[in-house]
Amino acid sequence: MTIEVDPRRARPFPFVVAWALLLLLFGVSLWTAFLGLGLWAPVIQFGIAAIQVATVFILFMRLKGPPSLKWLFAVSGFFWLLFLYGLTMTDYSNRKGWPPAVPVSSSQQVHPPGS
Amino acid sequence: MYRWIPFWPDTAAVNAEVVNNLYIAELIVSGLIVATVVAMILAFGVRYRRGSPASRANLVQKTWHLEVGWTTATLGAFLILFVWGASIYIWLFQAPQGDEEVYVVGKRWMWKVEHPGGQREINALHVPVDKTIRVVMGSEDVIHSFFVPAFRIKHDVVPGTLQTIWFKANKTGVFRLVCTQFCGLQHATMQGEVDVMSAPDYARWLTEQGVHESLADQGRDVFRAHGCSGCHDENSTVHAPSLAGLYGTYVHLQDGSVRLADEAYIRDCILNPRSFTVAGFPPVMPDFSGQLGEDEVLKLIAYIKSIGKTRETGR
Amino acid sequence: MSVTTVERAAPRETPSPEPSYLTAEHTVGSWLLTRDHKRIALLFFASITFFFFVGGIAATLMRLNLATPQGLLQPSVYNRMFTMHGIIMVWFFLIPSIPTTFGNFFIPLMIGARDLAFPRVNLGSWYVFNLSGLVVLYSLVMGGADTGWTFYTPLSASYANGYVFAAAMAVFINGFSSIMTSLNFIVTIHRLRAPGMTWLRLPLFVWGIYAVSVVMLTATPVLAMDTLLLAVERFIGVGLFDPTRGGDPILWQHMFWFYSHPAVYIMILPAMGVVSEIIPCYARRPIFGYVGMVLALMAIAILSFFVWAHHMFVAGISIYAGVFFSLTTFFVAVPSAIKVFNWTVSLHKGSIVFDAPMLYSLGFVLLFTVGGVTGLMLATLAIDVGVHGTYFVIAHFHYIMVGATVSAYFAALHYWWPKITGRLYPESWARFAAILTYVGFNLTFFPQFILGYLGMPRRSYTYPVEWQSWNVLSSAGASILAVAYALPLLYLGWSLIWGRKAGPNPWGATGLEWTTPSPPPDHNFSSTPTVVHEPYLYDPEKATFVSQEGTRHAG
Amino acid sequence: MPDRGARLLEVQYANLAHQGETAELGIWAFLINETIFFGALIFTYYFYRLTYPHDFALAARDTVLWCGSVNLAILVTSSLTMVLGINAAAQGERTKMIRWLVATCALGFAFMLVKGYEYYLDFQDQVVPAVNYVAKSGEGPAGELFWVFYWVATGLHAIHLMTGVGLVLYMLLWRIRRGEITPVYYTPLEVVGVYWSFVDVVWLFLFPSIYLVGRS
């Protein structure tokens, strides 16, 4: 019974390169944190995180090869999150009286935590 | 006008009538749709029951135009109702200045009402008829919901911010005030009355309460007691934004955004000054969130709004 | 394509060669550790019937209390009753009702597979369901939560003193059971279809279960995170929804309703699938607009994620969010309108038999139409301001959840009873039960529409005296409904022992499940069937039908 | 060899390849659910960071950056060793496979150690909400919201990582020892590999949201 080896697995070289790329991107992300970019810092950092995630998805989780149902399942998780993130912004972007002022808790909590 | 409709709730406000017309329109459209479905099921059920002689030849499996026709017709009818409903909603939920203002504080299982003149009521709200009443609502603990069925108005009262709603009663009488957001053990008894009175009765009622110090005056005492006058008074040396005539104007904040100075904004500034520093002023205002009760904040707001008025009359 | 004509002979008594899945093994272990999807379906059937009656008892206590203004129960007991009624009925009966029982049993049979993709995960789903059932029973027995099934903070997080932590954890664990079930269905429908069973030859029940599984898989995690954050806030006293620390109580509502509105579609989609199976069978004609029905099912599954804030129009969200979500709610009603139209026109030129499943299904279509139309009333912003939080809302969602989904559940129960147990139930009793359910239901919930517009708030143990007449009417209807729901238990139980033996295809239906002997053998099909036709090939004119794998039958 | 393969084949599948492919589709379907589960948690973070940028920046300055960085490096390396382990299984080199899987477990434990030490430092720093929390000067109340998110997020991630380590150990001590992982059918190992890399993906998103806030 011949052991036909999946071609994608033959050499460890591409995986080591991906590993190095991930660590490099991590370094860049760390560096941007200390640059004082203000509002742009999170955008860049999460962009780099997205690239890292894509690398892990494609190489380490073997999504390489012809696009298949696995691709659809991999992406649909993030696609559904768009609904939650996006549509709640219709509320919070122009709700009157947001962010709320912290009210005085005049009547203390009647309920002891933990029950 | 609605007397001839059976089991109809009483209608006692301007917006209630508008909602009534919309509700009747919805009932008609919905009734038509349900009637069509019932008629079709009965007709087909009788005509094509097993053993009936009707011919079953050239049975139709799919006709796009019939399906699309029915769907666009119903969608079109309901979109008109959507636009009509949305316009009322936008008109209802943007409270105008109003002739009278009332402050309502929801606390577990009671409604505390305060009039600008200083009169205080529990689970009761006396208002003049044919006047636009603007209700400013806050909650001290959980989410309540201010609902007057006769006026068809309702708004949840969320702890942490102030909400405003308005109504204009057009019929005198006593109407029920109800809390519709479950708030604990006695939620069902957290009810009250809205007593709509003619103008002279309302004036006489106000004087009968025997309270002379108006809410604004009480606010001024709180303003001095907590040292706000130290910075915000006309002749104070501290570089702080002047509050005279602040109410109703637009304020430019440090982070570039512009906010209308309404009750919610004034309340935010008092209790969370750090996130609302006005452009060009140092963020030095101390945090009062621990020391001021909900009622005192409302008094301060009434006072700050009154400074605005005296300046206009002064000109 | 060879078409062999088989006369519809009387169900001959030749013993089926293999023992059925019921008689294959008899040890307790063979039931509790089974990997057969049919046995797991029966295990689920036992669990949810138990919870249906626990929830039903809570409902009867509430209706007894509301029969008189001064009421029967203490306020704290009433508050806990309606909370537990909500939690148990939503998560422990309605959401698992059709997918875990009829879905588990019939998806492999309908697509020509021997079993689901992951049998062990399927059994795990039943055990996780029972674990969450134990936790909710612990919370119920110890005193129950008094926050309403919606757990609105800050009441649920810091002010309610019932067993909110246990109730929230029960809902959290229950989420995993529905995830495991939906995961199983999606992978099975993608991978294990018989040769020839293309996507457009799938019966509409399989499409319904596929749409439900997509919604379950993508909506439940948000609820899991929400209840987890509530449990954390409840346990340590500090949390993300706490207004005294700048948290936003409306954030809880956003994440809760982001799950809970798709959850109401989780309840209705399999019911739509069942009705789309039953109406063609008893009208003896193909469904009208099969592709339209499939598109409508998937459209509901996707659009259900855009509408959740119509539960929060008066909660303090911005006006523009209110207008946006009202508009999307009108668009999500379009696929439902298409389906109602298609069901109704599916009766045209058929030769209709009014058996019990058909009566339940027609009851479904009528009650679902009333429920859907009142839903559109609630989606109209100005009306919602007037009736949010009143009995109008309660009547609306009971019309959909109880009127539509439970009627379809009973329709499926009667339609597939011969296949599950191999016995036929007494037809006249079943028709009586169906009509009694319809009458009892309308008497219970139609008065609540009127109470709602009059302004009676929900979740309150008392009401002004002038509304007592409506509430007494509603309580009377509730007692009729209770009888109508108990009746099937009696005559179906009776049929288990004395019912006539049912042949493989007592109703003359075209699905693959009707080609197996009833009750089906352990591995469903001796040889994997090849599918040649699309479903519902009935011909009312010549009174014959062609099953999906090509044999033509009379009847 | 073929008899063990036949025993592995479940009744409802046509052949082993069909079964393997379906199992992989199953883990990916489960990952949809996990993505949205962690996505909803990061949604609360994203929403509160938009609302209280100032408080979040102040609060996040007290997180231990070097712990987070070392942990990220550990997790990325463990993804690599996991994949190399699967490659070895595919090529039938049993000893190399076991060596790589043991390395993956070791890295998993290393992550837990560093995390435990970081929790100890946090406790010293008095940033544990409700148990031992002192708001820093000038930091508004919303800082505590950040710390609630921090403890919930890292706690959940740690639980998922422990499940991953448990799965790899299950593979090592049970499935491989009984010889069920062969070059013909190594899908169970591949499924565990996919799950492990997903736990690494979650940390890739959590790292910038927790540790890189308010550093400038």
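Order of writing sets the chain letters: A, B, C and D. Residues in each chain are counted from 1.
FYI, contacts are C-beta pairs under 8 Å (C-beta built on N, C-alpha and C of every residue); 3 or more make two chains touch, one makes a residue touch a chain.
Since the structure is predicted, the reported quantities are computational estimates derived from the model, not experimental observations.
By count of C-beta pairs in contact, B-C exceeds the other of the chain pairs A-D and B-C.
The most central chain, judged by the distance from its Cα centroid to the centroid of all protein Cα atoms shown, is C.
With centres defined by CA atoms alone, the chain at the far end from chain D is B.
A separation of 13 Å divides the Cα centre of chain A from that of chain D.
Inter-chain spacing, taken between the CA centroids of chain C and chain D, is 35 Å. Look at where the CA atoms of chain B average out and do the same for chain D: the two points lie 47 Å apart. Annotation for chain B: residues touching 2 or more other chains are 108, 141, 158-161, 163, 272, 275, 289.
Of all residues in chain D, those touching 2 or more other chains are 25, 29, 32-34, 36, 39-40, 43, 47, 51-52, 130, 140-141, listed in ascending order.
Under the contact definition stated at the top, the residues of chain C that touch 2 or more other chains are 159-160, 190, 218, 222, 236-237, 243-246, 248, 250, 255, 316. Residues 158-161, 163, 165, 190, 218, 222, 234-237, 243-246, 248, 250, 254-255, 258, 305-306, 308-309, 316-318, 320-321, 324-325 of chain C are the ones that touch chain A when the two sit in their complex. Within the complex, the chain A residues that touch chain D are 1, 3, 5-6, 9, 12, 15-16, 18-19, 22-23, 26, 29-30, 32-38, 41-42, 45-46, 48-49, 52-53, 56-57, 59-62, 69-70, 73-74, 76-78, 80-81, 84-85, 88, 92, 98-99, 102, 113. Across the complex, chain D meets chain B through its residues 52, 54, 140-141. Across the interface of their complex, chain C is touched by residues 7, 9, 18-19, 22-23, 26, 30, 33-34, 37-38, 40-41, 44-45, 48-52, 54-57, 59-62, 64, 66-67, 70-71, 74-75, 78-79, 81-82, 84-86, 88-90, 92-94, 108, 141-143, 145, 147, 149-150, 152-156, 158-161, 163, 176, 178-189, 272 of chain B. Partner chain C is touched in their complex by these residues of chain A: 69, 76-77, 80, 83-84, 87-88, 90-96, 98-100, 102-103, 105, 109-111, 113-115.
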